[in-house]
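Some structures to go through are shown next.
Here subunit A shows up in two complexes: once beside subunit B, once beside subunit C.
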Partner chain A sequence: MAFLRHLLRKLGWYAAAFAAALGLNFFLPRMLPGNPVDTLVAASLGRGASSESKQRVYETYIHEFGLDQGLWEQFATYVGNVMRGDFGTSFSRYPADVSTMVADTLPWTILLQVPAVALGWIIGNLIGAVAAYRRGGFDRGVYLTSLFLSAAPYYCLAVLLLYGLAVALPLFPTGGGWSFGMRPEWSAAFAADALSHWFLPFLSLLLVFIGGQAIGMRSMAVYEIDADYVGFARSFDLPDRKIVAYIFRNGMLPQITGLALAIGTLVAGALLTEIVFSYPGIGTLLYDAILNKDYPVIQAVTLLVLIAVLAANFFVDVLYGLIDPRIRAAEKGER
Partner chain B sequence: MNALRSLPARTFIAAAVFVAIVATGLIGPIAASAGPEELLGTAFTAPGADFLLGTDHLGRSVGVQLVHGVRTSLYIGLLAGGIGTLIGVAVGTLAGYLGRLADEVLMGLTNIMITIPSIIVLLLLSISLDTRSVTVLGLCIGAVSWPWTARAVRAQIASLREREHVDIARLSGERTWRIIGVELLPYMLSYIVMAFVIQLYGAILAEAALSLLGLGPTGTTSLGVMLHWAIAWESIRGGQWWVFGAPTVLITAITFSLLLVQSSLDSVFNPRLRGRKETA
Partner chain C sequence: MTLATIRDLRAHYATAERRYHALDGAELAVEPGRILGIVGESGCGKSTLASVLSLNPKPALRVDSGTMSIAGTEIDLADIESHRSLRGGTVALLPQGALGALNPTRRIGAAAHDILAAGPGRIKRSASAARTAARLEELDLPPRVLDAYPHQLSGGMRQRVVAALATLRDPRLLVADEPSSALDVSSQRLLMNLLRRLVDEELVEGIVLITHDVALLSELADRIAVMYAGRVVEQAPARTLVERPRHPYSKALFASVLVPEPGTRERRLDGIPGSPPDLRAREPGCAFAPRCAEATEQCRARRPALIETGPAAAACWLRDPAKEPADAR
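On to the complex of A and B.
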């Protein structure tokens, strides 16, 4: 019951955040003075198009955005379209469907980010706990390395890795999702090829994430080490591995909150990593869309990222409510 | 001062690196013999006697661009960091001191802003601006970066509010703004300084990320803009290491040194960490 109440209250907050996200996504780009379609049609069609096809494209967009209606009606149209998964038509690749463009690139981004986050979280926290427990030179080394990894922005590390391991030392392909001349298909040869392209961007995300998590866990675990239960366990000569496991469990909870708060930065940062490697995911799609002023694509990607971040936050919140007995107790009014 | 003396040597190295970079941004553009946009040589000349740091895809000097880029990045960082800290401290103080409804409303807003990635909001703002001057960009970044500071300041103020000297001031009929200015904020100074360092760090990164996406300041160069062109013109795959290397190394050096200084300040100001310096 208490958990259900926790869940419902969180759901309310996320509904509000979602409404804010939708509003920002719709209203911010519309602060552009004048009729956006005029400038965009001129810019995206260029000189070559006949006036007839210009007129056709123009009417498509006017109708699509409902620009003949008031701003709030436009917003209602927009929300309705988004709910049906309709993000409109691309400017730069007219008449490609934006939803299809996003659907084609999304799996690549998911395959890149989810393993990096999951693995990075586990490895980073383990390293942080061990460093805090061991102290001394190992700790200093881990601390400085992690600080460096998390201080350097994602794309800087990506640039260095790309140059170091693909150009200077040609161990990996220099970018893209697969080799020239191949087509995405379900075959062992393509999977192996895609994996070799996937590895460097994955590694660069993984390293940054390990760094951030190790720092957080280390500063949590530093407090845990002075706790009575650690001294107690030590006096029994328990193996280090076991004591670190205890510290890990206690330091883990704030780290889950940290994960929830970091997810926004993480997802956005990972998109920039894709650009460096020309990885065929959402990030590269966004980059190309910005270069081509392809507003429908930009808005679809930003909305998708906003929704993904909110969903991930909500998931972590639910998880937190499930594993931390203190939250359940607080909801019951026991504390 | 004793606390300063016991800081690890790396703090001073980091601070020195940061000061050196600031000096580069201040003096460099004055000392440089040419503007950042001037075409001075052939494209992609390697570093040598003519160009200390080589030239980029158009034949512009990387060194000249670098000193101007550092200046732009630092300017945006200072402006945005200052605004972000100001709004954050104001919102956090009001929420923490007033409590009740004001607290609920302000923190609700803050929590929503924290959940929405600021880079996405910045991106949406930037695509609606046709020309983005350095100042406008700094204002935009500052306007979206305050929620973290607001949340942290609110927590501090909410506990400071319970102190006796605050009660006395309130009972003797002091005005609210005077209580905040005289009884609360002076205790927060070290905290605010650290918040500012973090804001500065975040703002420099935000500018670099936006510029990398091609939404950087128009009509000037910055570290992110340099990186954007380096990637757009394939200098990484082409092996022209000086073109992408210079901005990459500088962005990393700025952010790493700022984080090191901040974590050392933290160990001085934060009493909970003070005893543990030998392990840090």
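On to the complex of A and C.
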């Protein structure tokens, strides 16, 4: 089937992007000034140690991490290990396994981002379409609010919410994934506690995303309302809800592209949001790893983000093909 | 027996400060089995007229007065909202440009079902498919069009699909608003044949064809009404109007275009001096008087009525049949 062939071709492109990114993921962290082992040695031996023992520990680490080998040799080992699903051990929390570190933090990030994106897309598009249809004061209010929300950087809104709802008006905790004294477990008390910590970072992501989607949908719908097919439909006295459905269906198409484009920035922005709230997700993990030049963790997280973005793009691609008959036709070569 | 009669149609567009009188007492009669062409320059009110006749006025338009009697129904045009249900069934619109008139993400069959379902009574999907297929066939379109999206059809097919949809609920009157303006010459020809066919094969009882294309009108229309400043200033059988226009504006209008006929080898083209009337101010006299070379005191002081003389009618003091002998014209 032609559509399948199209998807396979897309997959080929994604594989190429993946290979290129794999290289960047490896080499870019290594261009950071400084040496991960220096920090590690200083931390593990303290001030009083003799320079000789320092030297010995240093060399042990260098050897253990494989940093004494040539860069390309290291790269080959890295690629080989990644292919086997081995992401190595963390430098800064040696000998913690990177896969375990990522597995511990990933669910938190997924719980934060997926609901924010899904809910934000739906709410944002509905608000945008209704604003365009109703016009007037409601429209102006929606437009200005959305403009503010979507233009504000993620961390700005996060800081504002943090100040407003956690500091000035202490409704929610200021940060972290759960309270002191709690331990992650499957219990109602922990779930309630985690939820109250989750809410502010979620809200800040949701608001930004709603804003962007509402603006996009509003302008699409305003444009669609003036389209000839709407006028033709009106000339038959088609019911309003039918006409709104027409408008929504057509206005939605570019919004899905927008979603694909937004996913990259969204993931990056969400990482910043996590840092503001010291939320125990991938973003905070990456932040700490960069501070400690913990190459294996940086590589694993950036690779994960890359896979997420590519997967989301692929998903949108498939979805788009299913939704827009014209794209379907172009792919079949019918045009 | 006329199919539709429009009387004293007045409508304006209102802005915060001013009113633009787009229609200023327009009168029209459409005869059954005929195409009535309406012509005039930009701003004469012909598109506004189309939107009112199809009972689908633009939101900013206010109809002040006017009636349309069509097929035994008397419609108060100042209260179009309560006659919404006649849209599509009694009067239908053939829109400008077939390309954009079809919802790009809806199959023709589904769009046709929406149109039939908007009419009176309930209709099953299978019934609407059968009815649509029959109408498509009348216009030489295969039934597979039902399952097609607009982009899968050629331009000519789309044109016929739009015509099929417009006539799907068997409207009495079809209002075609500048249907040819976005088309190339050969598509225009196809469209003209299509319109003629719709009347000849009695898919509709009559057509009001609104256009600024005088050449097209003179070939296609049975009767022509010339509009100026929101009024019909002359209405006559097409041939008569093209050959012997009586109103000075009609004369000037037809003198400003070349009709592609064998005799038209060499001819001087004259423009119309002055500019279209300001719709904000309503002069007491004839709206064309400021641009009319023959205007008299009377033309500027009082507005002439549309007076019938046989099959033709003109609104001009200089063509007043009661006065014409005295003028020795």
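We take it that the second predicted complex is superposed on the first by the 275 of 335 C-alpha atoms of A that agree within 3 Å, B and C clash if a C-alpha of one lies under 4 Å from a C-alpha of the other, contacts with A are read in each partner's own complex, and residues count from 1 in each chain.
We take it that a contact is a pair of C-beta atoms (placed from the backbone, for glycine too) under 8 Å apart; a residue touches a chain by one contact, two chains touch by 3 or more.
Owing to the predicted nature of the structure, the values given are computational and were not obtained by experimental measurement.
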item: Comparison of subunit B and subunit C by subunit A residues contacted; value: B
item: Contacts of A:24 with subunit B and subunit C, given as first, second, both or neither; value: first
item: First, second, both or neither for A:227, with subunit B first and subunit C second; value: second
item: First, second, both or neither for A:249, with subunit B first and subunit C second; value: second
item: Partner chain in contact with A:315 - subunit B first, subunit C second, else both or neither; value: neither
item: Touched partner set for A:138, first subunit B, second subunit C, both or neither; value: neither
item: Partner chain in contact with A:236 - subunit B first, subunit C second, else both or neither; value: second
item: Shared subunit A surface residues [contacts with subunit B and with subunit C]; value: none
item: Complex contact set, residues of subunit A against subunit B; value: 13-14, 16-17, 20-21, 24-25, 28-32, 135-136, 139, 143-144, 147-148, 150-153, 155-156, 159-160, 162-163, 166-168, 174-175, 222-223, 261, 264-265, 267-269, 272, 275-276, 286-287, 290-291, 293, 295, 298-299, 302, 305-306, 309-310, 313
item: Touch list for subunit C against partner subunit A, complex; value: 54, 56, 84-85, 87-88, 92-93, 95-97, 99-106, 114-115, 118-119, 149, 151-152, 162, 165, 169
item: Touch list for subunit B against partner subunit A, complex; value: 10, 108, 111-112, 114-121, 123-125, 127-128, 130, 205, 208-209, 212-215, 227, 231, 236-237, 239, 241, 244-245, 248, 251-252, 255-256, 258-260, 263, 272, 276, 279-280
item: Complex interface listing, subunit A residues touching subunit C; value: 227-229, 231-239, 242, 246, 249-250, 253, 323-326, 329, 334-335
